[in-house]
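Just below sit the structures, each encoded as structure tokens.
Same chain, two partners: subunit A is paired with subunit B first, then with subunit C.
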Partner chain A sequence: MKLIAGVDIGNSTTEVCVGGVASDGTLEFLSSVSRFTTGTKGTVDNVAGIKTALEMAMEKLNRPVGDLSLIRINEAAPVIGDTAMETITETIITDSSMIGHNPSTPAGAGTAVGELLSIRHLGQGDTGTPYIVVADRSVTYEAVAELLNKAMERMQIVGVILQADEAVLVENRLKKKIPIIDEVRNVDMIPEHKMAAIEVALTGDSVRMLSNPYGIATLLDLDAEDTKAVTPIAKSLIGKSSAVVIKTPHGNVKENVLPAGEITIVSKDGNRRTINIDEGAVPIMNLLEESGEIQDMVGEAETNVGNMLSGIKNNMENLTSEQTGSVHITDILAVDTLAPVLISGALAGETCMEKAVGIAAMVKTKQLPMERIAQVLTEQIHVSVKVAGVEAVMATLGAMTTPGTTLPLAILDLGGGSTDAAMIDETGTVRMTHKAGAGELVSMLIQIELGLHSRTTAEEIKKYPVGRVESLFHMRLENGGMHFFEEAIDPRLFGSVVLIEPHDLIKIEENVAMEKIIQVRKEAKQKVFVRNALRALREIAPEHNIKKIPNIVLVGGSAEDFEVPEMLMEELAKYKIVCGRGNIRRTEGPRNAVATGLVLSYIGGKHDDE
Partner chain B sequence: MEYNEELVAAITKAVLQQINEQNVSQTDRQHIGSAKTSYANARLAEKSTNPKEVVVGVGPAFQREIKATITGIPLDDVLRNIKAGIEEEGMVPRIVKVLKTSDVDFMGLEAAKISGSGVGIGLQSKGTAVIHQKDLYPLSNLELFPQAPLISLEMYRAIGKNAAKYAKGEKVTPIETQNDPMVRAKYQVKAALMHIRETEQVDPKIPIIVWEEA
Partner chain C sequence: MTTNKPTILVYVYEPDRAIINEIQAGIEEEGVLFEIIPKTEINAFDLAFEAANESVLGSGIGISGKEVVLQMRNLNRDKPVFRYHEPDDQTCRKLGANSARAVKKMPFKI
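Here is the complex of A and B:
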């Protein structure tokens, strides 16, 4: 029996399938393996990953790699994806005009208006004026409470702003209950003797008066013009549990639009269309569709987007050692997102969800140096290696091993870097397309929107459902259900939001609510996969009409996702299409389609390589 | 040199004599610290049903035979900060003295077991602290602060806050602790002596008593 290996090098994983061909020509699949791709797809760096994958596959058969008679590598689609993010707005607080953060434990719900006064100057206060007292960290909560209690006997104190996290401690020692805000980091920047309004929301609620322009006007006695001016302040306080607005002549909250740069889209017909990134994702994508087939895309020089696009190109030119100018960006996917950014001029370290655009770009080169990879691989393991077959065709061949499929058949390959689609009809004609943006863009969006430190956490959030450990013996699941543990779990997980891996729980270190994680994760997948699937299918469908595709098989790493296939099925059900996760060779699930296709095509093809 | 039975017998006798002398001197001095305090009249601490409660179980010598931590921080201040941390989170502190044991983990567990929320803090007189939960094994814990010389008053405040957050079932970020490999060598003798003084006050017959009236 001859052993044939199919090797598929993807953006994120390298897949291997080993098949045995008997002397009568019948084929039997023996083993398959999936490994991380080493280096950028299509470069000689991949060889290391291919070797380990082959060794692992052969180990399952207890045979050395040298027993293989042929290795078939796919002619990888010369597309490589990259992602980047661009913040397009910036919020600035001028003249320390507001404080709006979410201290975990403010005290004394209510609103009040008064003149700002430092606790060190309590003696200077008049009897007739209401005051909001500001105390820094060096005064202990006991001293603050004592000083205030004494001062309250002769003057009116209506609110307190503390630097330390001691609001409840002070409140518990005050004779009269007033709103107290704590954890204001830069308390020294608060201007004294200015009028201010303070509000602490009821538990579980957010501020009502100060998040409303007319509320601020009521409290601080503003005229129509001033009221119009404080609208940005009110807007930025929406959803906060406590707030202070200080009346200063030039104080305000400004939202600046950052110069993000322009993209020029060059169509095949020579037309050039230009759009600014700060317009947001929808106009960019509309323009892209208008442009038809794309020749190249260029970013404005010396801007962030320009640097990003030329960076991707340079990278590719170096990898493929092609001449400058031969690498083109043929597709991008722009997605609107929000990124938490520290507000400049903030007193309490407030962050604001700034608008941002996430971009996945795809580079097309003339051809990837697959022959070089084949050559190096042969030198290292002394087995003949052949570059055979176009990736999309091989994937379709492999997908056909899914039970219940028939021609004409379309596949959607949901990978890490790109979303590819291909369609084969009864005559064997293949149409295919590659779209920028897939799993890696989803990870980036999750990381940005949740403000996570590491991409790895974002990757894990993408892959696994979440739960919240409520005691050492039970956990609340994201669908509201309850899971009980047989034995007490690791106390480090107590009270945490965790990711439910098949055999393990991963703790999320960042302080993000479970509901927020679910919402961000689902939206990111919707924005990338559903949008891209429709874009790709429209392009390969007969007459660009999705309804004319009878059945679609989902393959690729991201098709293994626990919710993406369902999202796509729901969306495609509108077009009356049979769509589902592939099950390659009845055993492999959606993975290994290309590698399987490569082995299969050996049977069908001529063996002049022997 | 010649070995014979007589010589062995002589050496054995000499050694035994010395051991006996040492025994006498040790029985003379049973305590390295002050005499044992009697808590015979103290009220035993009981299990509470208040879910807002976090119990702090202090060591047998706390605030009595030992008045400051290993680095000299007054225990009154330590306790005040832990209580402030619990109070700031909207929970209620209760202070008990554990006489059953001088081991920090067991002290924390004893406190947790009578705590209405099921969360307790164990606090040795030398300053070592642990946050415990009633369902855990004794030597397991929610958070342990093993190097007493590196714990500051701000950290004691944070320990109180975190314990309260565990009791509320909130997401807790573990307190950043320092680690100094030289601490052990530098404080080993003092830590051992303080621990012996604490252990001398252990009285299993009165396992856990009310320490501060609410």
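Here is the complex of A and C:
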């Protein structure tokens, strides 16, 4: 029996499939393996990953790699994807003029207005002026309460700002109830002797007065001009449970609209179309569709989008070591998003949601040097290696091993860097397309919108359902169900939102509500995969009519996602299309289609390649 | 002795003054009621186990001298949520807060 291996190098994973061909020509699939791709797809760096994957696949058969008679590598599509994000508005609040955060236990709901005074300078206060007292961590709650109680006998104290988490402790010891805000990290940055308004919301509610420009105007006695200037402050205090607004002369707050810049789309027919990025994702995508086949895209110099697109190109030039100027962006997917941006001059680590646009771009490179990879691989493992077949055709061949499929058949390859589609009809004609934007853009959107520190957490949120640990013995699942643990779980998970991995629970360190995670995750997947699927299918469909595609098989890494296939099925059901997650060779699920196709095509093809 | 008030029970045997003060402050800041009850048992594990199972809220603390244990109802006696020997002030404050967060179903301060 001859052993043949198919190798598929993707943006994120390298897939291997090993098949045995008997002397009568019958084929039996023996093993398959999926490994991370080493280096950028289409470069010699891939060889390391291919070798490991081949070794693992052969190990399953207890045979050395040298026993293979032939390795077939796909002619990878010469497209590489990258993602980037830029904010297009920016709030700058200087001179520490506000605090807005969510301490877990502030005290004394209500609002107050007064002059700011440090607890160390209580003696300097007059009798007639209302004061808001500021105390740092070094003064104990007992001392704060005692000093305030004594001072209240001769002066008017209307509110307190604390650095330590001790609001309730102080309140319980005060003779008079006043609003107290705690956990303000940088109290030393609060300017003394300025007028300030403070507000603590009722439990479970958020601030009302200070998140309303007219509320601030009422409390701080502002004219129309100043009221306009504090609007960004009010906006950034929406949803907070406590807030302070400090009146600084000549309001040092402004909301900048950054020069977002224009994108110019150059069509193959020479037409140039230009659009400003702050029009949002939908008009950009519409213009892109109008433009037909695309030669290149450029951003206006010295603007955010310009920097973003040239950044992507530079990245690609470095990776593929092509000459400057030879890399062209042939497709983008633009997505509207909101990014929490740290406010400059913030006293408690406040952020503001700024309008942003996320872009996945696809770069068409020169033919990838697959022959070179084949050559290096042969030198290293002494097995003959052949570059065979176009990726999309191989994927379609592999996809046809899914039970219940028939020609004409379309595949949607949901990968990491790009969403590809191909359609093969009864005559064997193949139409295919590659669209920018897939799994990696989804991860980026999740990371940005939830304000996560690490991309890894975003990747995990994309992959696993969430739950909330409600006791040491049970957790609430995102579908409302409950899961019980036989033994008490790690107390560090108690009360937290966790990701449910098959054999483990991963705690999300950031303080984000479960509902928010679910909403952001689903929206990101909709924005990227559903939109891209329709875009790609429309392009390959007969007469660009999606309804003329009878069945679609989903393949690729992102087809394994726990909800993306369902989303696509729902969307495509409107067009009366049979669509579902592939099950390659009845066993592999949506993975391994290309590698399988490569082995299959050996049987169907001529054997002069040995 | 059992009580029907919704409180966190703190069972103590010759407790260290500073430790008990900080634990109290921790619970108080979180806004949960508590009772401190002197006991004759010496072992902090036993004290905490009993306190948690007798507390209406299912959260109990045992303090014996400078040994502190936080327990929740139905947990194994020998596997408490937290246990410290001669903890510093900050640790005690957090332990107090955590006994309250156990009741409020909020993530612990670690």
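Following the convention adopted for this analysis, the second predicted complex is superposed on the first by the 520 of 610 C-alpha atoms of A that agree within 3 Å, B and C clash if a C-alpha of one lies under 4 Å from a C-alpha of the other, contacts with A are read in each partner's own complex, and residues count from 1 in each chain.
Note that in this section contacts are C-beta pairs under 8 Å (C-beta built on N, C-alpha and C of every residue); 3 or more make two chains touch, one makes a residue touch a chain.
All values reported here derive from a predicted model rather than from experimental measurement.
Trainee: Put subunit B and subunit C onto subunit A via the superposition and say whether they clash or fit.
Mentor: clash
Trainee: Have a look at where A:K175 lands relative to subunit B and subunit C in the superposition and call it first, second, both or neither.
Mentor: Touch partners of A:K175: none, neither subunit B nor subunit C.
Trainee: Counting only touches as set out at the top, which of subunit B and subunit C does A:P491 meet: first, second, both, neither?
Mentor: In the superposed model, A:P491 contacts both subunit B and subunit C.
Trainee: When the two structures are overlaid on chain A, which partner does A:F473 contact: first (subunit B), second (subunit C), both, or neither?
Mentor: both
Trainee: Once chain A of both complexes is superposed, is A:K576 in touch with subunit B (first), subunit C (second), both, or neither?
Mentor: Neither subunit B nor subunit C is touched by A:K576.
Trainee: So which bits of subunit A does subunit B touch that subunit C touches too?
Mentor: After superposing on chain A, subunit A residues 104-105, 141, 165-169, 172, 470-473, 488, 491-492, 494-496 contact both subunit B and subunit C.
Trainee: List the residues on subunit A that touch subunit B in their complex, please.
Mentor: 104-105, 141, 165-169, 172, 470-473, 488, 491-492, 494-497, 509, 511
Trainee: For subunit B, which residues count as touching subunit A in their complex?
Mentor: Those residues of subunit B that touch subunit A are 84, 87-90, 133, 135-137, 140-142, 161, 165-166, 169-174.
Trainee: Touching residues of subunit C toward subunit A in the complex: what are they?
Mentor: For subunit C paired with subunit A, touching residues are 25, 28-31, 72, 74-76, 79, 81-82, 101-102, 104-108, 110.
Trainee: So in the complex, the part of subunit A that touches subunit C is made up of which residues?
Mentor: 104-105, 141, 165-169, 172, 470-473, 488, 491-492, 494-496
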